[in-house]
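Paired with subunit B in one complex and with subunit C in the other, subunit A is shared by the two complexes that follow.
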Partner chain A sequence: MKLDTSGLESAAPVWGAPSELVDGFSAAPSFEVPNTTDFDGFQKEAIQMVKPAKGTTTLAFIFKEGAMVAADSRASMGGYISSQSVKKIIEINPYMLGTMAGGAADCQFWHRNLGIKCRLHELANKRRISVTGASKLLANILYSYRGMGLSVGTMIAGWDETGPGLYYVDSEGGRLKGMRFSVGSGSPYAYGVLDNGYRYDMSVEEAAELARRAIYHATFRDGASGGVASVYYVGPNGWKKISGDDVGELHYKYYPVLPSTVEQEMVEAAAA
Partner chain B sequence: MTKQQANWSPYDNNGGSCVAIAGADYCVIAADTRMSTGYNILTREYSKICKLADKCVMASSGFQADVKALQKQLAARHLIYQHQHNKQMNCPAMAQLLSNTLYYKRFFPYYSFNVLGGLDNEGKGCVFTYDAVGSYEKVGYSSQGSGSTLIMPFLDNQLKSPSPLLLPVQDAVTPLVEAEAVNLVKTVFASASERDIYTGDKLEIVVVTADGIRREYMELRKD
Partner chain C sequence: MECVFGLVGNDFAVVVADTSAVHSILVHKSNEDKIMILDSHKLIAASGEPGDRVQFTEYIQKNVALYQFRNGIPLTTAAAANFTRGELATALRKNPYSVNILLAGYDKETGPSLYYIDYIATLHKVDKGAFGYGSYFSLSMMDRHYHSGMTVEEAIDLVDKCIMEIRSRLVVAPPNFVIKIVDKDGAREYAWRESVKDAAVASA
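Take a look at the complex of A and B:
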């Protein structure tokens, strides 16, 4: 009995033209594109309407024990804070993380798509995909949508056979390998703290504290960053969430309010 | 010579506000029933709430034509799912479907700001909040639409739940009981109607519980 599995094809919308998969290279899923004479102008207006959540601080670095990834959790639309609890560290699979900066929907969708591609690679090749390979998959997809208005500034951090790996990938099609990155409107502040305190041979606790501190200082000075500072560690056994602290509380932890000396205390006046 | 620009936009904003609150064993979804265009009211009795599955309800504000098209898309995909899996979609699955459906129109978006509410597999209330292109988040409460900047700070004040990102993990659902949550929603819309011209006329409240779906109405200011 032949089962009809056409409904399981997920790449294209139900009624749309099927996207051909040629020679194992998966074509980018085909999106409907509006019929306008001025595509760029329309996209500019559409983006104004959607106003994707921007303003963020994310960072990642490699050290002796593995990789550390940290991010804030604020999403702002213009001057309005649309959410204080956005997950900006996306779990692609148990040993790879991606960070989100730029358009929230773009990052969420393409990271999930990347997770699917990594799983397909595992099934086809009977081994895990490398961080190099995963970041290349994402970069190639984003490059093919270059100029269409996607906004993605992400870091792919993971542990593979060659040890810890860290790549920066963005929607312009750029892909950089490196030891330390910070992305977002709060990144200058985070770089200041991160570059100052970084040593290759730190322990996991020291590295986590450095990452947490860098995010805290960025949220302190950047209005578009805030919420909860999440810190993840990526080691040989995969990633593990180390901490999630409200940055308001971190402030008083780092700079506790000291009781000041009082010269003269006011005394309660007797009720008239 | 300056380029000729189109004077016609495919989008319009029909206004309105939606709210959803998740509880321990219930979920409240509410929206006003006013549909406007510019300074005109098109109708006072338009429902922005749509039942997508047995335990899953969506409220959407924005451009209602896009909302109607989106609801039809989701209903069709849900029917296919039921044929293939012999069961209804649960709320988290529907949440992912809605996100993907919105993102497939990334370059010609649905002008629709949605909140999805219902019960998850364990019977706990869950609320998902979306932007127009599909980025979503599971939260304890949310509001979208023209009155959301007025409503959200009040909900934050009354319901502020610990962020799901904190470690150790803390529960996001509100400790309120169903009757208190419904009262809160009524209060919130009464206040929003005072200061938002696009919110008013009538309030439609849908409550999802293990026993099913209950609908309630309340009059709001008609000016």
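Take a look at the complex of A and C:
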């Protein structure tokens, strides 16, 4: 028996990360509708402006003890979840991390390239490269490819001689130094939780919990984010992975199901 | 939404820029310094696309420094402005930079000056200028209250009036501004006008 799955197909394709494959999953059968005024138009415009150009949630912040980096692990192609186990926190070297948002291949390749350049710097100058220097190297490379379609929204977090450092670098050529950033389609949601709970003098456990919570709340509301919330800590001795929790399980941990009072119980109708 | 404006006073020039780094609806940072100190007596306030803004102004800064190393004397403000315009013009038909610049400087012989350089390599020497949505409010304010030979107090008062106007009338007004001044003693930061402080310690 052939099942009727027309109800499961979306009428309008939702676009995810531009550089990932989309063809084949977005074509949907449609039929002609009578001409009417486009009353959805104004809403669509607003959504398009904020549309998930980089379907992910990543965040990083600096606090008293060092830097905290966290990300989800979902890869989406339009409305299809292609993977729930993508490593979005890239280990550039033992004391520097990069986050991935945008095109997976672009981020992985250019972070690895950055790792190579950092190692060459170490060999040539007999000292580790600073986070400032590493982020500038990456920003200059991305700037030279500006307009050619790279999609990279990354944060470089590390520990160098001046202490913890955090830079946001993107494929438009922007580079910002800051204390906390979040990148991706889920970033507005993460910012809300992060900004509210942030204090400079947190302990490592408190900071890890804040990062985990912010990722969880973003994955709850953003369809393009999900999977596993990974949390890394960058301290004076380099980075260390703190946790990787499935966000579905986190949901029930934060909001456990409580037995609710029964209002009306359905019973079998008495046999007539 | 970026606001940059400036004016020339008695023996100084002052430039003001907003300090928001914005990406679509997100404010990534609200203490980003967009006024670069070009050399000891020159300031460059830039607004435009994030990559271009930093890369182009740093390129100009390094070339101005190179001239000084090679020739032993610094460039005049007019020369630096013309060099900047030339670079924008050369790139214009190939790979244009999307940056608008107000270049303020002080020369011993000619005093303070302000140059308006826009993204299509227009160059004007002006007494007051502005870029961005904020210009709609600050230009008329400056036209009304400006007179040549203003003191620092009068100029900062006018700057504050413009900032107030931008804050109250521009729909997505940037909350924080930085004011920098250049006079015979050099180019330096004058003040910040912050109405939203970052929760953490403000980083440089």
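Keep in mind that, in the parts below, the second predicted complex is superposed on the first by the 206 of 272 C-alpha atoms of A that agree within 3 Å, B and C clash if a C-alpha of one lies under 4 Å from a C-alpha of the other, contacts with A are read in each partner's own complex, and residues count from 1 in each chain.
One rule holds in what follows: a residue touches a chain if its C-beta (ideal position, glycine included) is under 8 Å from a C-beta of that chain, and two chains touch if they have at least 3 such contacts.
Since this is a predicted model, take the numbers as computed values, not measurements.
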| item | value |
| --- | --- |
| Partner chain in contact with A:Y254 - subunit B first, subunit C second, else both or neither | neither |
| Winner by number of subunit A residues touched, once subunit B and subunit C are compared | B |
| Which of subunit B and subunit C A:D246 touches, first, second, both or neither | first |
| First (subunit B), second (subunit C), both or neither touched by A:Y198 | second |
| First, second, both or neither for A:S187, with subunit B first and subunit C second | second |
| On subunit A, positions contacted by subunit B and by subunit C | 49-50 |
| Of subunit A, residues touching subunit B in the complex | 7-8, 13-14, 29, 31-34, 36-38, 41, 43, 45-46, 49-50, 52-53, 73, 80, 82-87, 103-109, 148-150, 227-228, 230, 241-246 |
| Footprint of subunit A on subunit C - complex, ascending | 21, 23-26, 28-29, 32, 49-52, 54-55, 198-201, 203-204 |
| Subunit A residues touching subunit C - in the complex, by the definition given at the top | 49-50, 62-63, 139-140, 142-143, 146, 168, 170, 172-181, 187-188, 191, 195, 198-200 |
| For the subunit B and subunit A complex, residues of the former touching the latter | 3, 5-6, 9-11, 76-77, 80, 83-84, 99-100, 102-109, 111, 129, 131-137, 139, 149, 163-167 |
